[in-house]
Every structure is written in structure tokens, then in C-alpha cells.
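Just below sit the structures, each encoded as C-alpha cells.
Below, chain A partners chain B and then partners chain C, in two separate complexes.
So, the complex of A and B:
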């Protein structure tokens, strides 16, 4: 049985620069994937709400398809099979990023859809009445309000996305999780490194979601 | 694209058996983990709504702890760290004699993690019942336990059947993470077929279809349960 006193903190201290590199990759992947999937998710939401049947179908199939699959499966698909399709080397980071964007877009789509639906119809009608086109109405009237209303939920989903990036461990991309496992196995210090990794993720996600809660309270004032 | 298609390989021995056993493990791990998630989640969820401050604090701590650590890290904690942190005798038993150490760890991991999510749904369900009902129950002379037993819990659960469906689907999808500690579930088998035969397209396509079909079956089953259990006039906004 390992007590706290037996913990070898030295291992963690020595590994900190390496782990920090991993964390930077995790954060970069989270940031890019969040921007990409919020953009794509918004497009999908507009498709689901459009009056054109074909667009509705594409949006609905996309969302239901990706929400039925484990993220891990999507990561494998892109890691193993995209290089085959494009006939060449694809960077593990890029293939993971593509997988994350396509997958998470399905979840962001549903958030944006309820965001757009929360804006009263009158807003869009007054836009049209002022002579704005559909794209202008969306761009200047509906979407800014939808984003504002949904900001806390979008941020919460981004925290989930940050946790999900740890899954790139399975394709060996050197994010924070993979770095922690690498050090753990190299130094045979599984307990220290895994507990440390859990602690780091916990502190980051806990305070991030706490900030979201505070933001939410401020918005409702 | 140069690729030798060979869909028949999926039906050859031993690959077909691998897929079947993968499906079995996925269903088994998800089902047992769901039992833990549902029972533990119910207790934690109810505990978050009671008046006692310390009980509420413990339940909140549980939810925050499990919700803010990525599942894959929790998998590693259960499999590699827990046997080292318990008394030596237990640790030795877990490492040497515990049946199916990987699957057991995965089940506890998925069960306790999903319990935190179920707890949030249970809490939301109970909190969505108007306060007046609890007050009415107490005014009629029911004890707090009876108010929960006959009023809040039965009504609350019927309200949250739809979100619980998606929690069940989540546990089923998350069970794929068990492959990181070596449980031979469905996705694990797909990778194994890919490694042995280089027929990655076929392996991953078949597994994708299996996941889609299983999801559709679960959704269809739950739609009928939702129909049977729904209370007219009640309901949290459906997330669909």
C-alpha cells in the first residue's frame, strides 16, 4: 500500500517541462477543435433549421450519425484510414483535429440549434422587413444573440472537449495524457504520474466550470 | 486508391468470432456498469436534494470529482493506481486473484463515472417537481423519507426517463475506452482484425455499423419505455 509519504514528487518535478509540452498540445488541440467545431456546428444548425428539405436531412443525419458512435472509433477512423484515402502521410495531430471537429460539431450543432430557436421569430422577421437578406439577418441579428445566450453551454461543452482530447493517447499523439503515461512507464512511477495527471485535469476543469457558473450568474442579472 | 477489398474476411474464422465476442464484452461491461451507475447515481442524486448540509456537500463533491477528470485517466487510476492504494492484502488479491481484472476495473470505472452523470439527472428530476408538492406531503404528516419514497422519487424518475436513455447510450459508447486497459470489447477487436489482416476499412466499417444498429435498438426500446412512463403535463425540455 502506498501512502502519501511514499510519493516520489521528484519524478514529477523532473518531468514537468516534458509534461508542459504535452499540456500545450492538449490546449492547442482543444482551441482549434473548439473553433472548428463551433463553426461547423453552427452551419449544421442552420441546415437543420433551414426550410430546404435536403439541408434538414444532411444536418439530421450528421448529428444522429456521430452521436451514435464512440469518439474513440472516430479517432481511429481518421488515424488509420485518412492516410489511405489521401495516399500519403497525414500528421497525427491533423487527423485527430479533423476527427474532433467533425465529431464535436454534432454536439455543438444541437447547442446552437436551441440557441437559434431561443431567439424570437420576430427578430428575424424584423430583419427581413428592414430589407436584410437571409444571410445578413443571421449574421447580424440572430446568430450574435444566439451565441450570447448559449455562451455558458458552449464553454461547458469546450471543457468536455478538453477532457476528450486525452483520448488521443490511443494514437500516440503527445498530449498531456500521453506524456504522463510515457513518463510513468519510463520511470516505472505509475501511481505518482497518474494521480498527478488526474489532479491537473481536475483542477483545470473544476475552476473552468466554476468560472462558467459565475459568468452564467452575471448574465442572468 | 490502392486497396484490396475483402469483405469476406469478416465472416472468416477466427475474425467473425472476434467480432461476436467483442459485441458480447461491450454489452456485458455496459450493462453491469449501468447497474452500478443507476443505483449509486440514484443515491448521490437524492443526497444532493436533502436538507442536511454535510450530506449535500459529500454528494456534490462526488459529482464534481468524477465529472472533472477525463474518463481515460479514471480508467488508468482504477486499473493501475487503486490496487496500490488499498491495503496490501487487497492489492495482492486485485492483481492476482480478481476474476477478469481488466473488465472488473473497467466496470467500476464506467459505473462510478456514469453515476455522477445519473446523479445530476436524478437531482434535476426531483428539483423539477414544484416545491409545493413536498410541502403538501409534509403537511399531510408524511415523514421526509415517506415524501421521497411516495412522492419525489417516483415522480422524479418518470420525468427523467428521456435523459437517462441518453446516459445509457453514453455508457455504451464510453465502454470503448476499456480497450486502453486491455478489455477485448468491440473496438479492441476491430483494431486486432486490422492488425492481423490489414483490412482496416472492413473492420472499422463493420464495427461502425454494429454501433449504429445497437444504438438504434436501444433508442427504439427506450422510446416505448418513454411512452409508457411519461406523465402528462410534466417533463423537462427534451434534448433532441
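So, the complex of A and C:
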């Protein structure tokens, strides 16, 4: 039984600057990975919906391949195996970022694919009828609408991505979670740090999800 | 200016166009009518290559639509098209709708595009609504914006696919009036429509389609004076009852 009297807030306060560094890394990784994987996911979605067989296959294989692997394995793979292939050291942050982008792109691909399919064919037709090329029709007509329709789901997936960034401890990166673990073990203050970490994740993700819901309601009006 | 020669098209095993042959001269207005599912939309979409066809030939201003070497985006930019459901871009204002292709396809500057856009909005009677989004406009207004958007490309011909079918009755005339003016100004037009009053007033020729075939292709006077086929007769009697 843990007594509240034992709960040492001081430990957390002292560790705050260090934990903040970890949080910055988590947020930076989340932001970059989200941007990268939404971009790549959109390209994959266009490939899956393309009329060219080869592109369809590449898209389908990519999605099915990465959705069959644990994210942890992908991160590992990039950190330990890629240096063997390229015969050189890779930066932990960069390799984790690449792993995240490739992995998450599979999920964002499927989101963007249904987003693109939700736009009526007439929209693309009217783009083409004006003389826009395929790339222009996608860029100016179809994708902005698909993106807007899918925004709540894209944000929800990004929240999951944020939670998943805690996996980077396996390559020695100090994200928020890892920093909390480090302090907990160093100061033997497991309860304080884990409660605090849980609280931080909960509050951030809860309010992020709440904002998504509000956004969703606004969009449906 | 627009020539069809023995155009055949299949969806899988279903033949949607059968040996369609006709032509539209410069400045001519041709109305295409016929029962639903007879291939009118398909035929008109073949003209600007939105739908591919397997056999025959279609040429616009001497350019073969089906040929591999044809630059379809360029050809399409010279042919305006108006759809039944308007198909304005909902995330763009009326003016942005009209300017997008002017800027991206014709390479006009934003100022040039806006000036041309304003002229055309004035012309279709919506001069002060350029800042509105499609969802803020009535169906009739949206369709007029769509016509202005097509005209902004300075097309050599305009295609209309049932431009008034999705409109409330009280808005049909505002769109037909714009189209009539356009016809008067000498625009080459192909219009799929069931508005027989419009056909009578505006069309030079009427094409009647049924089950993928061009059954009638006659001058307007002949078409309404003495329909030759039973199928056209039946169709007309149904339509004109309303």
C-alpha cells in the first residue's frame, strides 16, 4: 500500500527540465513523423488507386507488409540492420524517424485512400475538363477535400503515433517516457514518476481527442 | 468542328455507344435528347476524352481525341464542360473556382484571371457573389458559376450534360437564359437536355439517342415537325406531356 504521505512531488519538480527535454523529443518526433508519413501515405494511396497495376501492387504490398509487423521491430530493424547495409553509423533519431514514417505511412495510406474515394468522380472530372493534369487535379481539387474530410481520423492516428513514440527507448533515445523511466530508476521514485508520466499522457491525449471530437462536430454542421 | 465517325464504346461486354456518327459545325447548337441510360452523357464525355472509346474517331477542331499523341489536357482546356451536378470545387470560392484553371493551365496571372473572372460573373448575373462558397449559393447560381468557369478558359466549344436536371423548377430559366445568350454570341454548343422548349428556341439541330444509337439527327424544325421514328415519337410524347 502506498501512502500519499510518501509521495514526493519534489522529485518531479526537480526532474521537470529533464522531462521537458524528453517531451520535446517526443513532440518533435511525432510532428516530423506525422508530416512525413501523411505525405508518404498520400502517395501510397494515390498508387493504390492508380490505374497502373505496378503502382497498385507496390501500394498494396507496402500496406500489408508494414501492417503485419510490430512497430518495435521496424524501429529495431532500422537502427541495427541499416548500418550493416550502408556500412556506417546511423543517427538514432533519424533512424527512428524513418522507421516511424515508413510504418505509419501504411496506416495513413488507408485513411487517405478512403478520403480520396469519398470525393465524387465528378470532382476529378470537372478538374480534368478544365484542362488540369492528373497531378494538378489531385493537388488542387481532390486531395484538399479528402484531407479535410479525413482530418479527424488523421489527427486521431497522430495521437496514437504520439503514444507510440515511447518505443524509441529501444534505440536509446530519451523521449518523455524514457526520461521518466531514467529518473524513476536513478532516484528510486517509481511511483511518483510513473503516476506523473501516466497523468501527462492522459491529459495530453484526452484533450487532443476532445478537440478532435469538437472539430468533428463543427465539420458536420 | 466536332466530328464523330462510327464511334463504338463498350463497358465490359455492354455496348453503350453504337456506330455514332454526326458532326457539329462551328457556331452550331446541337441538343441531344433521349431516354435515361441511352448513352448521352457517355457520348458527350467522349468528346473531351473524359471517357475513352474503343472504336471510331472523334475529332475536335481537327485534333483526334482518341489518338495517343493528343495532348488531352490541352484539348480539354479548349472545351468547356458543364455537369448536371455543377461540380464546383466546394473548398474554393466562386471566383477561385473560375480562376484556378486560368492560372494553372493558361498561365494567367492572378490579376488577369480575376479580371476575366469578374467579367464572366457579371455576364452570368452574379457580379457581386464571387466571394461566396458554392454551399452558400443556390443551385441555379452554382450552375451559372460553373458556366462562367468553363467560359473563363475561352473555349472553342461548350458541352452541357443535363445542366438543369438537378435544379428546382424556378431556377431552370436563369440557367437556360445564360445558355441562350451564349448560343446567340456564336458559341459552338452540344447540350444534353430534356428542355424541349429550349431546344426549339435555341438549337440548330436535335439528335435523338436510344440504346446507344443515334436514332434521329435532324434540323430543329424537322425534328419537331415530323419525327421519323417511333422511338423518338414515343419519347417526345412522354416529355411534352409535362
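Here is the rule we go by: the second predicted complex is superposed on the first by the 221 of 221 C-alpha atoms of A that agree within 3 Å, B and C clash if a C-alpha of one lies under 4 Å from a C-alpha of the other, contacts with A are read in each partner's own complex, and residues count from 1 in each chain.
One rule holds in what follows: a contact is a pair of C-beta atoms (placed from the backbone, for glycine too) under 8 Å apart; a residue touches a chain by one contact, two chains touch by 3 or more.
Keep in mind that what you see is a predicted model, and the values were worked out from it rather than measured.
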Which superposed partner A:195 touches (first chain B, second chain C, both, neither): first
Answer with first, second, both or neither: which of chain B and chain C does A:164 touch in the superposed model? first
With both complexes overlaid on chain A, does A:126 touch chain B (first), chain C (second), both or neither? second
Touched partner set for A:217, first chain B, second chain C, both or neither: neither
Would you check which partner chain A:209 touches, where first means chain B only, second means chain C only, and both and neither mean what they say? first
Given the superposition on chain A, which partner contacts more residues in chain A: chain B or chain C? B
Dual-contact residues of chain A, meaning touching chain B and chain C, are none
Note which residues of chain A are touching chain C in the complex, please. 120, 122-123, 125-133, 136, 140-141, 144-145, 148
Parts of chain C lying in touch with chain A, wherever the complex brings them together: 45, 48, 50, 72-74, 76-81, 83, 85, 87-91, 100-101, 104-105, 146, 149-150, 153
Any idea which chain B residues touch chain A in the complex? 1-3, 64-65, 67-74, 76-77, 80-81, 84-88, 91, 169, 173-177, 179-180, 187, 190-191, 194, 200-201, 204, 207-208, 211-212, 215-216, 239
Can you name the residues of chain A that touch chain B in the complex? 1-2, 65, 68-73, 76-77, 80-81, 84-85, 87, 110, 163-164, 166-167, 169-170, 177, 181, 190-191, 194-195, 197-198, 201-202, 205-206, 209
